[in-house]
Amino acid sequence: MAIRVTVWNEFQHEKENERVRSVYPDGIHEAIKHGIAQLGDFDVRTATLDEPEHGLTPDVLATTDTLIWWGHKAHDRVSDAVVERVCSEVLSGMGLIALHSAHFSRVFRRLMGTNCSLKWREAGERERLWNIYPSHPVMEGIDEHFELQQAEMYGEPFDIPKPDDLLLISWFKGGEVFRSGCAWNRGNGRVLYFRPGHETYPIYYDPNVLRIIANGCRWSRRRLTRPTDACPNPGPLESFL
Amino acid sequence: MAIRVTVWNEFQHEKENERVRSVYPDGIHEAIKHGIAQLGDFDVRTATLDEPEHGLTPDVLATTDTLIWWGHKAHDRVSDAVVERVCSEVLSGMGLIALHSAHFSRVFRRLMGTNCSLKWREAGERERLWNIYPSHPVMEGIDEHFELQQAEMYGEPFDIPKPDDLLLISWFKGGEVFRSGCAWNRGNGRVLYFRPGHETYPIYYDPNVLRIIANGCRWSRRRLTRPTDACPNPGPLESFL
Amino acid sequence: MAIRVTVWNEFQHEKENERVRSVYPDGIHEAIKHGIAQLGDFDVRTATLDEPEHGLTPDVLATTDTLIWWGHKAHDRVSDAVVERVCSEVLSGMGLIALHSAHFSRVFRRLMGTNCSLKWREAGERERLWNIYPSHPVMEGIDEHFELQQAEMYGEPFDIPKPDDLLLISWFKGGEVFRSGCAWNRGNGRVLYFRPGHETYPIYYDPNVLRIIANGCRWSRRRLTRPTDACPNPGPLESFL
Amino acid sequence: MAIRVTVWNEFQHEKENERVRSVYPDGIHEAIKHGIAQLGDFDVRTATLDEPEHGLTPDVLATTDTLIWWGHKAHDRVSDAVVERVCSEVLSGMGLIALHSAHFSRVFRRLMGTNCSLKWREAGERERLWNIYPSHPVMEGIDEHFELQQAEMYGEPFDIPKPDDLLLISWFKGGEVFRSGCAWNRGNGRVLYFRPGHETYPIYYDPNVLRIIANGCRWSRRRLTRPTDACPNPGPLESFL
């Protein structure tokens, strides 16, 4: 059965900046949508900030197995209601993949409970991503390492809770390292943070990056829907005599 | 050097309910304050909901090494500003011990990122707490198990992120189990959830319970103060040539 | 593609003891083999202690995706060579499910690095297993709890490394608790410890127990074969200039 | 009370190789012994391979709070009895710090249960160690990063169980990364793997390296002595009626 993926993009840079538009003419969401289409049995939709309810109505979320999130400059324009709705859906069972600058999205920070801060530098430097966990499903088909020739540096310390699984560590030409692939379980949902991405470097056309995103969709896909907000008050299962 | 502990109590039940007052005449906070006083080099203050800023001013938090939190019926009366301030201080380095029904406090839920729901039953049943991690500092001096003859049941599933350390598992007469001692690192702070407690059962006079709270104050005490909300933008450490 | 499962049983009790034979006339391995046959696309073989090389030749292991291990009274009769071979295959990618008294098998202890000791009592008491991780693949189709009316008690402290995933906690009528479902990654392999089982209680006919074993076969199945015993000595990837 | 530290060194290179001797004239063990002496209240002894029982008699281990282990070329000359004795003492409560090439020591591999393989290159390249966990006791007093100008490269994948705590990630000039500070609990003992070290680079004179070793001695020191090899068979704690 096809995995139902929704790619969410704040979709601002592409409208405002010619250089970004030249790399992602239809927006980052369309690049990702097309990029993963051939890599699995995915039924992919997109949603963006400027749509009503940012395109993330209760019905869209209820029929999404994995939500991919890209945001950068407009994190604070995502409404309280949608943040609440997305987080609640993850806790009920939907998967979430937070890409690159989505480390600072309201959704990701809320699910982590920490600030999710990091170092950064835009110098178009080489990044080499080391595969720390070759047998993990998200790393399927990925070699011991792969490279991105031009990347924005993200550096440690990265203020996240201890990952349940650490998948990738990046080496940067300028001297830093970063935990670039991290996985957590939250409620009934699975969350993947995946660092690569940028609005002007053509990173969402890279075959390794796309493969990891596709693997991440499979790994984090909804397996059940089970809300976790109620506190039942059952009677005893054993006699008190 | 003395560990500076602040015991926070919403302090509502004790004012409203004669039965609670008969168990904790000066409030749960005073019982805990006196209970741990002899168990270490602690400098203990208290703070309560009805004080200005709930007694948790920036200065109080900045001079607190471990904050103990009790809340039950008035979680939603804790102001946004104080929730934000407490969480921020934990991420900077302050310790937090969330007791019993504080699983549903805004502070604990926000640091966890999950709903923190559970099952419950008030039937005064026996609880036996098994020490799963005897070498952990929070378990120092605790036997393989200890009992509380009358306890409110809390049952699994408990909707929390995977604990960094699982310390205690409770057995309940009525047939349930519960992860009753759980520890996490969040930012630069340490967080302990410790289940025992109630407003009418005299649990905060129990020697094992008090010892674990005292151990928890030592374990989670502030070791440094290092805010984690900034994203520095450094130059390269290595030449790009 | 079918998952290739090998069920290993020391197969001693069944030969020596009439009561065991009455419950498992063809051996525990055959009961498990038949029990999981309908629960997935499995190609199941068996192997036992008294066969040459205990039935675990290099070829058998190389063509096994998940190895199920039952042992109780003859752990020390498993040869060094087979212990080494099995552990090496797990580290290369084969899955392992250690059942009940296999906590003390040489294979499991070696992969854990600890003593794997626990408390026990044979009193035919009720066990209630609580599902701590409902969204985990090994718990698929399992309710919040299930019961075994007659079980041998295993109690904490259980001397294991911190599980990567904690799936089940058992409640016992006599007053103990136990981490009854625990999962680890070791090398490229996945290891599941699953407590239920006994040679005279008919536990391997229980539908929940069989379902968890079948789920465990799917979850831990070999995903790749990648030995981890070599230390390569590569040249630099970056210029030292 | 002073922490009783035993520094174990296989002490072969220093006897055989003039260049090693010029860096560590009295052996690596003496350099570490003197290096940490001023960094805490330590009572430090040494022990070496060529001594009877490798200097690790039952009495020495029973009175050791933390054992530091250096080995490189003679791992297989450590006797079965001493490997068994050291691992058993760790499980009972003694701390262990495995340095650099001790990743391949029999003691460390046995406690991990994996092969502990890695990549390596001796090219005297720069290593920059990033502090991933600034609030951890082992990182006390360590900046966000520190450098070693000449180091042997160790690269991922490093075949270890998931660390309970990940403390340091190394960046190497030649393009690799490595998890250089990793902590685990095993039984009642704490184990630290710390990568820096070499027989010809003067790494055990570096102030950051020595400080981390000293912090590691404090963190991993024996807190109790509690063997874990027995399986008690207690009667029930609750009536079966």
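Think of it as A, B, C and D in the order they're written, each chain with its own count starting at 1.
The rule is short, and it goes like this: a residue touches a chain if its C-beta (ideal position, glycine included) is under 8 Å from a C-beta of that chain, and two chains touch if they have at least 3 such contacts.
These figures come from a predicted structure and were not determined experimentally.
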Two copies, chain A and chain D, superposed on Cα atoms differ by a rotation in degrees, nearest 5, of 180
Comparing B-C with C-D, the one with more C-beta contacts is C-D
Taking shared numbers over all numbers used, above half giving same and below half different, the chain A and chain B interface sides are same
Per the C-alpha centroid definition, the whole-Å distance linking chain B and chain C comes out as 37
Between the Cα centroids of chain C and chain D the separation in whole angstrom comes to 31
By the touch definition above, chain B meets two or more other chains at residues 128, 133-134, 155, 157, 162, 164, 173, 175-176, 185, 187, 237-238
In the complex, the residues of chain C that touch chain B are 128, 130-134, 144, 155-157, 162, 165-166, 169-172, 175-177, 179, 241
Within the complex, chain B is touched by chain D residues 93, 128, 133-135, 137, 140, 145, 164, 173, 185, 187-190, 223-224, 226, 237-238
Per the touch rule above, chain D residues touching chain C in the complex are 87, 91, 104, 110-115, 117-121, 123, 125, 155, 157, 159, 161-162, 164, 173-176, 184-187, 228-238, 240
